[in-house]
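Labels A, B and C are assigned to the chains in the order they are written; within every chain, residues are numbered from 1.
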Amino acid sequence: MALALGSIVDALGGQLHGDPAVRIEGLAPIATAGPEQISFLSNPKLQPQLAACRAACVIVAPAAQEAARARGACIVADDPYLYYARLTQLWKRAHAPARTGGVHPSAVVDAEAEVHPTAWIGPLCVVERGARVGAGTVLTSRVTIGERCVVGERCTIQPGAVIGGDGFGFAPAGGHWEKIEQLGAVCIGNDVDIGANTCIDRGALGDTVIEDGVKLDNLIQIAHNVRIGRHSAMAGCSAIAGSTTVGEHCTIGGAAVVTGHATIADHVHIGGGASVTGSVRKAGAYGGVFPLDEFGKWEKAAATLRQLPALRERLRALERQAAARDQEKT
Amino acid sequence: MALALGSIVDALGGQLHGDPAVRIEGLAPIATAGPEQISFLSNPKLQPQLAACRAACVIVAPAAQEAARARGACIVADDPYLYYARLTQLWKRAHAPARTGGVHPSAVVDAEAEVHPTAWIGPLCVVERGARVGAGTVLTSRVTIGERCVVGERCTIQPGAVIGGDGFGFAPAGGHWEKIEQLGAVCIGNDVDIGANTCIDRGALGDTVIEDGVKLDNLIQIAHNVRIGRHSAMAGCSAIAGSTTVGEHCTIGGAAVVTGHATIADHVHIGGGASVTGSVRKAGAYGGVFPLDEFGKWEKAAATLRQLPALRERLRALERQAAARDQEKT
Amino acid sequence: MALALGSIVDALGGQLHGDPAVRIEGLAPIATAGPEQISFLSNPKLQPQLAACRAACVIVAPAAQEAARARGACIVADDPYLYYARLTQLWKRAHAPARTGGVHPSAVVDAEAEVHPTAWIGPLCVVERGARVGAGTVLTSRVTIGERCVVGERCTIQPGAVIGGDGFGFAPAGGHWEKIEQLGAVCIGNDVDIGANTCIDRGALGDTVIEDGVKLDNLIQIAHNVRIGRHSAMAGCSAIAGSTTVGEHCTIGGAAVVTGHATIADHVHIGGGASVTGSVRKAGAYGGVFPLDEFGKWEKAAATLRQLPALRERLRALERQAAARDQEKT
C-alpha cells in the first residue's frame, strides 16, 4: 500500500514542492532511502547528504529548502522531525488494521475490573479486581494490571509490563524481615507509554503516580510511592527508588538510577548510567559514569582513585612547604 | 471497612492511650494522615511533626509517649515500624478476600508438578514437570517455575518472575559458542519473596539456592549456581553473576552488581549502584559510584581521572625534588 | 538413568583410560564429584585438586593425562571444557524427553504467523501476525514474538522475553512527546539464544538485527535499530541503546551499558558494569567501574574526585614554581 505525496500534505500540512500524485512506498533514513521512499532531514549536520539522497521526497526545514529543491521533491515543514513522527502515525493508520476495543479471549479480566469499551486488552493479559483501564488504551500482550490500579486514556503498555506488583517493603524484626503489606495502588495518567517488562510497584499507603504524557522505556523499575511528573521520559533499564519525586519535563538516561526519598526538580536531565544519590534541586544536565578505558589503564586509574584523598594531602604538604620557602625568602 | 483501636491492640499488643471504640478508616504517613486514619512515628527526626499530626491515633515508641499523649490518642510499642508492618498485615487480612489454595484455570501446571493444596497458582502461570510449590505459597500471575525447581512454603512471587530459566553457559568452540546444558535446578527456601520480572537461573550442575527468608525486589538477575544466604535482601535491578555466594543478613542496594565466583561475607551491605568486582570478606557497609555532577563538570573530572596515575607520578617527582632541596640545605 | 563411559567416548570422542563399562550417574565439579559421577579439569590452577577427586572419571587435557591416570579413570580430550559442554548436551538428550515441534494449546499464534513444523511454541507464548519462527527453534514459555519479526533456526528463547516491542521513539512537540511509530521489525539469525525477560525492540524504519550465533543472557535491553554481530555474547542486565552496531565475537559484561549511535569493533570485550559512552574502534578489553570501598572511604574518594581538575591545576602551579626556582639557580 502506498501514499501519494498530496495525501500526506493534505493530512499533515507543510508545503509540497513536487508532484502530489507521486506515490510513496515507505519511509527511510536519508542515507539509505530509495527512489520510492520518503525521508527527512532534521539534523543540519546531515545536510551535505542531501544532494546524494535518492528519496522520492525529503521533508526539510525552511533553511534547507533551497538545497532540497535543487535535488528534487521536498516538503517544507517548521519541524521536520515532528513532521516525520506524525508521518509514521499516518503510515501506521493507513497500513495496520485499526485496533478496536475489546478483550482477547485469552486475557484474564476480573469481573470487578472496569475496562472502557474502546480499550484493548491483548492476549494473555491480566486485569485484576478493581482495576480500571481508560478509553483508547492498549495493553499489547502479557501485561498485568494489579488490583485497584488505574490506567488513563490513550496509554500503550508493551508486553510483559507489570503495573501494581507489591512495593518492596519489609521491617527488620530480630534477624528476619516482616512484610509491610502494600495497601496503595498505581495511578497512571493519560497518554502514558510503558515499555516491555517495565515494573511499576503499588504504593505502601498512598499511590505510586505516573502523570500525563510520561514515556517509559523497557525494563524500568519504578518503586513504591514514586511520582513521575508530566511529560518526563525515562530510557531503558533506568530505575527510581522508593518515595522519590521526579519533576515535569525531565529525562532520565538509560540505566541511570535515582535513590529513594529524593526530589528531582523540573527540567532535570540525567545522563545514561549515572547514579543519583540525592535530590537534584536545579534544572540542568547532570552526569557521572566512570570513563571507559583499556582494561589495564582502568585498573590503574581505579587503584589510584582510592589513594586520591591521600594524594590531596601530599599536594597540600608540598604547597605548605613552598609557601614557607617563599616566606623565608622575603 | 474500619478497625476499632481496641481490636488493633487486641491483635497486635501495645499500650493504647485513647478510646478503644474509635474506628480507623486507614493508614497514612504522619504528614498527611487525616482524622480518621492511624499513623506511626519511627524516625525520631520526624517527632517535631507530631504536634501538628491530625491522625486519630499515632503509634510511637516509649520515648515519644509524652509528646504523643499531649497530642491525642496513641499506641505505645517498642518498635513502631515493626508494629506498623504488622498493622498493614492485619489491615490486609481484614479487607482483602482471603486467598485460598488452588490453581487458576488459565495456569499451565504440568501433570508431574507437585503443588501443595494450600498454595495458589495464579492466572497464566506456568509450573513445569517435576517442579514443587510448597504450602501457602502464592504465585501471583504470569510466573514461570521451571522443571524440577522447588519453591518452599509461604513464599510470594510477583508477576513475570522466571524461576529456573537456563543459566548462561557456553563454551567457546573455534569462533562459535557451544551450549552447556544447565542440568541443575533452583531451590528456594521458605518465606522468600520474589519481585516482578526477577529472574533466577537454574544451576549448571548443582542447584542455584535461595535460602529461607530472602527478599528479592523487581528485575533482579540471579545467575546460575549462586547461593543467597538466609534473610538477605536485594533491591531492584541488582544482579549476582554466576557461582557467587552471598552470606546471611546481607543487603544489596538497587542496581548494584556482584561479579561471579565471589564470596560475600555475612552482614555485608552494598550501596546502590556499586560494582562488586571481587569477594568481600568482612562485614560492613561498602559503596562505590561515580559522584553525580553538572554534565560539564563530570566530563572534566572524568577526563582528569584518566590522567590520575600520571598526576600521581608528577606529585612524586615534586616530592623528590623537595626532599633533595631539603637535603641540600642541611 | 546412567551412561557408560564407553558410550560417552563413542558419542563424543576422546581417549578413555579406564573401564568402558563403568556407569556414570551424573556430572559434578571436581571438588564435589562423588564416585558415581564424572568431572572435568579445564583450569590448570585446579590440577592440585585432581589427586583428591573422588569422581569415577575425569575429563582432562593431554598435559594433565599423567596426573589423571595416577588417580584413576580419565578421558583425554584436547579441550576438556568444550568436551564437558558436549557431554551436558549428550546427557540432556539421554535424560529429557525429546522436544518435538508444535504449539502448546495455551499459546496464542496468529493465523498469519508462520511457525516451522519442527519449532516448539511453549505455553502462554504470543506469536503475532506476520511473524516467522524457524526450524528447530524453541520458545520456552511466555515469550512474545511481535508482528513481522523473524526468528531463525535452532534458537532458544527463555521465558518472558519480548521480541519486537516498540522502540522508544518520541519527537518533542512543544512540551509533550509525539510518538514515532516503529515501522521496522526484529530479525534474528540462526543459533541465537535469548535469556529470560530480555527485550529486543523493533526498528523505527529498518530492522533491529541479531546475527547468527549471538548469545544473550537475561534482562537485557536491545534498543531499536541495533545490530549485534555474529557470535557476540552479552551477560545479564546489559543494554545497548538505539542505532548502535556491535561487532562480531564481542563480549559485553553483566550490567554494562553501551550508548546509542555508536560503533563497537569486532573482538571488543567490555567489562561488567562499564558505561560505554562512545564508539570503540579497536579490538581489546575495556573496563571502567568505580572501585568498591568501605562506605566512608568511598564517600571521601568521591568527594575528592570532584576536586580533581582543581587539584591538577594546583599541581601544575607547584611544577611551574619548581621550574622557576631551578631556572633562578642556574
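Keep in mind that, in the parts below, a contact is a pair of C-beta atoms (placed from the backbone, for glycine too) under 8 Å apart; a residue touches a chain by one contact, two chains touch by 3 or more.
Given the structure is predicted, the values throughout are model-derived calculations rather than measurements.
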Chain A onto chain B, rotation angle from CA fit, given as a multiple of 5 degrees: 120
Homomeric contact chain A-chain C: same or different residue positions, threshold half: different
Cα-centroid distance, chain A relative to chain C, in whole angstrom: 26
Shared interface positions of chain B, touching two or more other chains: 106, 124, 142, 160, 197, 219, 237, 255, 289-291, 293, 305, 308, 311, 315, 318
Chain C residues touching chain B - in the complex, by the definition given at the top: 26-29, 32, 79, 81-82, 84-86, 88-89, 91-92, 104, 106, 122-124, 140-142, 156, 158-160, 191, 193, 195-197, 213, 215, 217-219, 231, 233, 235-237, 249, 254-255, 272-273, 289-295, 298-299, 302-303, 305-306, 308-309, 311-312, 315, 318-319, 322
Partner chain A, residues of chain C touching it in the complex: 106, 108, 124, 126, 128, 142, 144, 146, 160, 162, 165-166, 168-173, 175-183, 197, 199, 201, 204-206, 219, 221, 223, 237, 239, 241, 255, 257, 259, 270-271, 274-277, 280, 284-291, 293, 297, 300-301, 304-305, 307-308, 311, 314-315, 318, 321
